[in-house]
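After this come two complexes, each holding chain A, first together with chain B and then together with chain C.
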Partner chain A sequence: MITTSRRARLGWNIATYAVLLTLTVFCIFPLLWTLLTSLKYEADIVTQTMQYIPKRITFENYVTIWTQSGFPTLVFNSFVVTATTVVLCLITGTLAAYSFSRFHYPGRGALMLGYLVIRMFPAVLMIIPLFILMRGVGLLDSRFGLALAYTSFLLPLFVWMLKGFFDAAPKELESAARIDGCTRIGAMIRIVLPLARNGLVATSVFVAIAAWNEFLFALMLTTSQGSRTWPVGLQLMVGEFQLPWGVLAAGGIISIIPVMILFAIVQRTMVHGITAGAVKG
Partner chain B sequence: MSTLTLNGVRKSFGALDVLQSIDLKLEDGEFLVLLGPSGCGKSTLLNIIAGLETPTAGDIRIGDKRVNDVHPKNRNIAMVFQSYALYPTMPVERNIGFGLEMRGVETDTRKRAVDGAARMLQVDHLLDRKPGQLSGGQRQRVAMGRAIVREPELFLFDEPLSNLDAKLRAEMRTEIKRLHNRLGTTVVYVTHDQIEAMTLGTRIAVMKGGVIQQLADPMTTYEKPANMFVAGFIGSPSMNFITGTLVRDGEHVGLTTDGNNPASIRLPRVAANLDALLGRKVVLGVRPESFQADGAAPDLTGTIDVVEPTGPDTLVVLALGNQTITARLGPKLTVATGETLGLSIQPDSISLFDPDSGNRIE
Partner chain C sequence: MAERMSALSGPSPSLWRRLDPAAALGRLSETRYWMYLLLVPSAILILAVVLYPTVYGFQLSFRQMRLNRPDLGTGFVGFKHYVAMWNDKVFWLSLRNTAVWVTFAVVIEFGLGLLAALALNRNLPGTKIMGVLILLPYFLPNVVAGHMWALLLDPRLGVINDILVRLGFLETYKAWFADPSTALGAAILVEAWHGFPFFALLLLAGLKGVPDDLYKAASVDGAGPIRQLRLITLPMLRSVIAAAVILRVIGLVNSPDLLLILTGGGPGQSTQVLSLYAFQKAYKDFNFGYAGALSVVMFVLLMVFAWAYVRVSKVNQD
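And then the complex of A and B:
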């Protein structure tokens, strides 16, 4: 009896690990492949026989993309757009989430549902009206315009996630703070926000990553080097007659570095934030 | 220190009337307990006094000032919450001093005030800790420290002891009473615990369905309840209600209980003239401790159903006609289930209620 159950458990363990390992390879391999490609000479990339591990290592691709293309500008634009999006979401989203969490007013439910419904439309559907809108107000091909467009579809995510964190903060704390001498907004800033800090960080990181990686809106709403972000810029490097694999790979690796750094910094808070919200919210 | 006056305070949430025209006046230094079951509106009333909720109608005055439109922070009140509502991100010292900090009190003055309050409540060794590192009783003390440090005109307590275990609750109850004696500040205290109400209050407002049923000092509330709700809510075990008809019983007035198996009770002498009520259907209210085991000339006789020795007393449940009554008798009582027991009722200890309205008959 005991041996069979032990054997069965061993079988399960092996199966579990096999599945996990497969999935891990599936996720990691493209990244690893990009990294390896970025370190190869152009001649070693397109070869007759597949070369997995580069025989010679070079950083030439990185030098090329950083010095001989507009890549630094693209990355800088992405930084500006991402930062603007996060700030916009932080200011408007925090207030909106707080109001949804604490107040009951006519249209509250409809508004919240509206925020959710926006997420259901495919981006392609929104892009033409948004394009016309942006052209109308003269925000086409501007970093602020792009950030505004990002905010329009990232804000719902931000508000809904943050509302969960605010819901978890006891209302009596604010009552106490108001009696102690805070205004409503003061109580929110001094008492609720520090409590929801983890949630705020986690939500902001989600928004930042989404804005950093976004492609479609950036492709449609930017036309010049002045406001173009890195995903679009990288895609435009694919020419009709040449495909600079090494340089593209190097660009890809550079672009994921900020995301990795962000994750590394906030990982602990973020996981804590997500689970805290999940359990209490 | 200040008076508190409520005039016709009402509160509705949509069609639901939570409070129906509350009037009361609290003198300087009084300790008012709002007592009632869950949902009777007592916490809502407290929140209205605090300014956390706005009344649908009516006036609230603290001192001579109408405060309906005054922000909570400007009402010069302090509140202790059921959950303590300590700010989790701040150490105890800042928690206690937060109200002073918000009012721009200088650091030195603030520190002295916080130290004083902390010493008074014996939490001065905990000033560096966060609320999460404190026990329930310590949190309770810190919450009270936060209230007293500002020297407000009015203290509001919202079921402050209900999250503590029984032993600690009794300790903190004494502590609150001591604090009130020392500071003399006017207090409004919400609870559903009748022991807290009886021990702490200088007056008790018993509430039900958004209406104050009785507003009186504790002993009056206990001995002369205004209606059956108040009578049943205060006291444990609660007052015995026996329905029956008043009849002539020699030179006394008696009660014949309802039902197909009527029993007779001889009522003790009372101040009021019961003769006028003869033949009338009433509810007789007798506190369990108003009974005495009396073999010689019992006022009523019943069969013992259950005997519950509690240590200081013995609770005896007696079948009387179709009804049961509970008597609180002496500790060394030798009675057994099934026996017949005669009880007498102490003079001036009974209440009579109208069976339809439930109101006290004087």
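And then the complex of A and C:
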């Protein structure tokens, strides 16, 4: 009896490792192949026989994408848009998340649901009117306008995720501060925000990654090099200049480096924040 | 912590009071309406960039609006766009493709996600790093994901073609995205790669909440792993599964990004979905009225689905 159950357990363990290994390869292989491609000479990419391990390595593709296209400008624009989006979410979203987390009042449930339902609105339904409206107020093709558009779908996410982190911060210290004569806003800024700082960072990173990666709004709402972000720029380069694979791969690798770094740093807290809402509700 | 407390009772509150705006804000925060005031900035933002545009979008779908005409053609046309849609073959085709795209993608992503979550939840040594690597695709941009897979599946230098030929599954390299019979399938594969970590993430968190006792009791009663999965795990995860499926369906219906990058709806219209069709009507043809009508229909369908799905999963729960 014991030997069969031990053997069964060994079998399941082997199966577990097999599943995880397969899925990891499935997830990582495209990334790895792109990295290898970015390090190959174009002649070694377009060959009769596939080179799995590059025979020689070059950084030429990286130099090309960085110096011979507007890529630095694109990356800089993306950086500005991302930072603006995060700041907008931080200022407005933190207050809302705090209100939902710490107070109970008539209409709270309905308002929270409202913030959630907004996520269901199709991007295309908003993109078209946003295009017309932003053109009307001169925000079309501007980095600030794009960041404003991003808050439309990122702010609700931000509020919900941050509310979870606020809920987890103990209320006792806040009460103590209030008794000591601290105003409500004082208690929030000096007690709750420092307590929930990991959550604030993780939520901001989540929003930052989403804004950095966003493609559709940027394609519609930017029309010139002055505000175009890297996903749109890269996509248009592919269409216009028949970008060589190696250069395209290098551009891809450069643009996901910030994502990978941020993901690596706050991965654990961020994962916790994303799942908390869905698992509870 | 001690520092923080002493800062509170120390001189700094009086200092704060002397600074006028801060003191005013402090006084404001003591009023009865503070919790509502906290919502004002985000509510203004949401009204301006979500609700107003949405209402505008609904209204747009009843108007003739073409930005490439000098007069913009902003006249009221009633249900003209909706009637045109009814007779539009591409609309019906993209509706069908949307259903196929969403159904297959969700089923595959759920399957892979559940597999990953179950495996990761066993907490075997050395699997933690795999857990992190498995989540990675979800955080990668669509543009990069799309081009990575376009390279892997390229008809001339795609490594997947090479592997399949070497293993004898294929005679020659295949142009996956150029063949109408495989284009949608290949796109679903890419979407599954991109989206399954989301399910793994949520299901794993759900699994952590299932009490161990249930499994112990079940194994005492002689239930094997498969029956434990069917009788304990899946029922316990029902609300997580419902939430994950709804969020994913919304995401898949609403975002045409990946198909826009991979196929642009082609070849022919074989990978055309509603969101992409609406986007192209606006982006390429500047036919904002018709694009608005398409996205209104999509929105209504999505709402009906979400409502029905929540009803069904609630009914099952009782």
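Heads up, the rule we're going with is that the second predicted complex is superposed on the first by the 252 of 281 C-alpha atoms of A that agree within 3 Å, B and C clash if a C-alpha of one lies under 4 Å from a C-alpha of the other, contacts with A are read in each partner's own complex, and residues count from 1 in each chain.
By definition in this document, a residue touches a chain if its C-beta (ideal position, glycine included) is under 8 Å from a C-beta of that chain, and two chains touch if they have at least 3 such contacts.
Please read these numbers as outputs of a predicted model, since none were measured by experiment.
Student: Under the stated touch criterion, which partner chain does A:45 make contact with: chain B (first), chain C (second), both, or neither?
Tutor: Only chain C is touched by A:45; chain B is not.
Student: Quick check for you: in the superposed arrangement, does A:180 touch first (chain B), second (chain C), both or neither?
Tutor: Touch status of A:180: both partners.
Student: Just checking: does A:59 make contact with chain B only, chain C only, both, or neither of them? Give me first, second, both or neither.
Tutor: neither
Student: After lining up the shared chain so the two structures overlap, which partner does A:105 touch, if you call chain B first and chain C second: first, second, both or neither?
Tutor: second
Student: Just to be sure I read the superposition right, which of the two partners does A:215 touch: chain B = first, chain C = second, or both, or neither?
Tutor: After superposing on A, A:215 lies in contact with chain C but is clear of chain B.
Student: In the overlay, answer first, second, both or neither for which of chain B and chain C A:235 touches.
Tutor: The second partner, chain C, only.
Student: According to the stated criteria, A:172 is in contact with first (chain B), second (chain C), both, or neither; which is it?
Tutor: First partner only.
Student: Quick one: chain B or chain C, who's touching more of chain A?
Tutor: Touching more of chain A: C.
Student: Share the list of chain A residues that count as touching for chain B in one structure and for chain C in the other.
Tutor: Residues 176-177, 180-183, 186, 191, 194 of chain A touch both chain B and chain C.
Student: Over in the complex, which chain A residues touch chain C? Could you list them?
Tutor: Chain A reaches chain C through residues 12-13, 16-17, 19-21, 23-24, 26-28, 30-31, 33-34, 37, 45-47, 50, 52, 88, 91-93, 95-96, 98-99, 102-103, 105, 108, 111, 115, 118-133, 148-149, 151-152, 155-156, 159, 176-177, 180-186, 188, 190-191, 194, 209, 212-213, 215-216, 219-220, 231, 234-235, 238, 245, 248-249, 252, 255-256, 259-260, 263, 267, 271, 274-276, 278-279, 281.
Student: Going by the contact rule at the top, pick out the chain C residues touching chain A in the complex.
Tutor: 4-5, 7-9, 13, 16, 25-30, 34-36, 38-39, 41-46, 48-50, 52-54, 56-57, 60, 65, 67, 112, 115-116, 119-120, 122, 124, 127, 130, 132-137, 139-145, 147-149, 151-152, 156-157, 159, 162, 193, 197, 201-202, 204-206, 209, 225, 239-240, 243-244, 247, 250, 253-257, 260-261, 275, 278-279, 282-283, 288, 291-292, 294-296, 298-299, 302-303, 306
Student: Residue numbers of chain B touching chain A in their complex, please.
Tutor: Its residues touching chain A are 47, 50-52, 71-73, 75, 77-79, 81-83, 85-89, 98-99, 102-103, 146.
Student: In the complex, go through chain A and note every residue touching chain B.
Tutor: 170, 172-173, 175-183, 186, 191, 194-195
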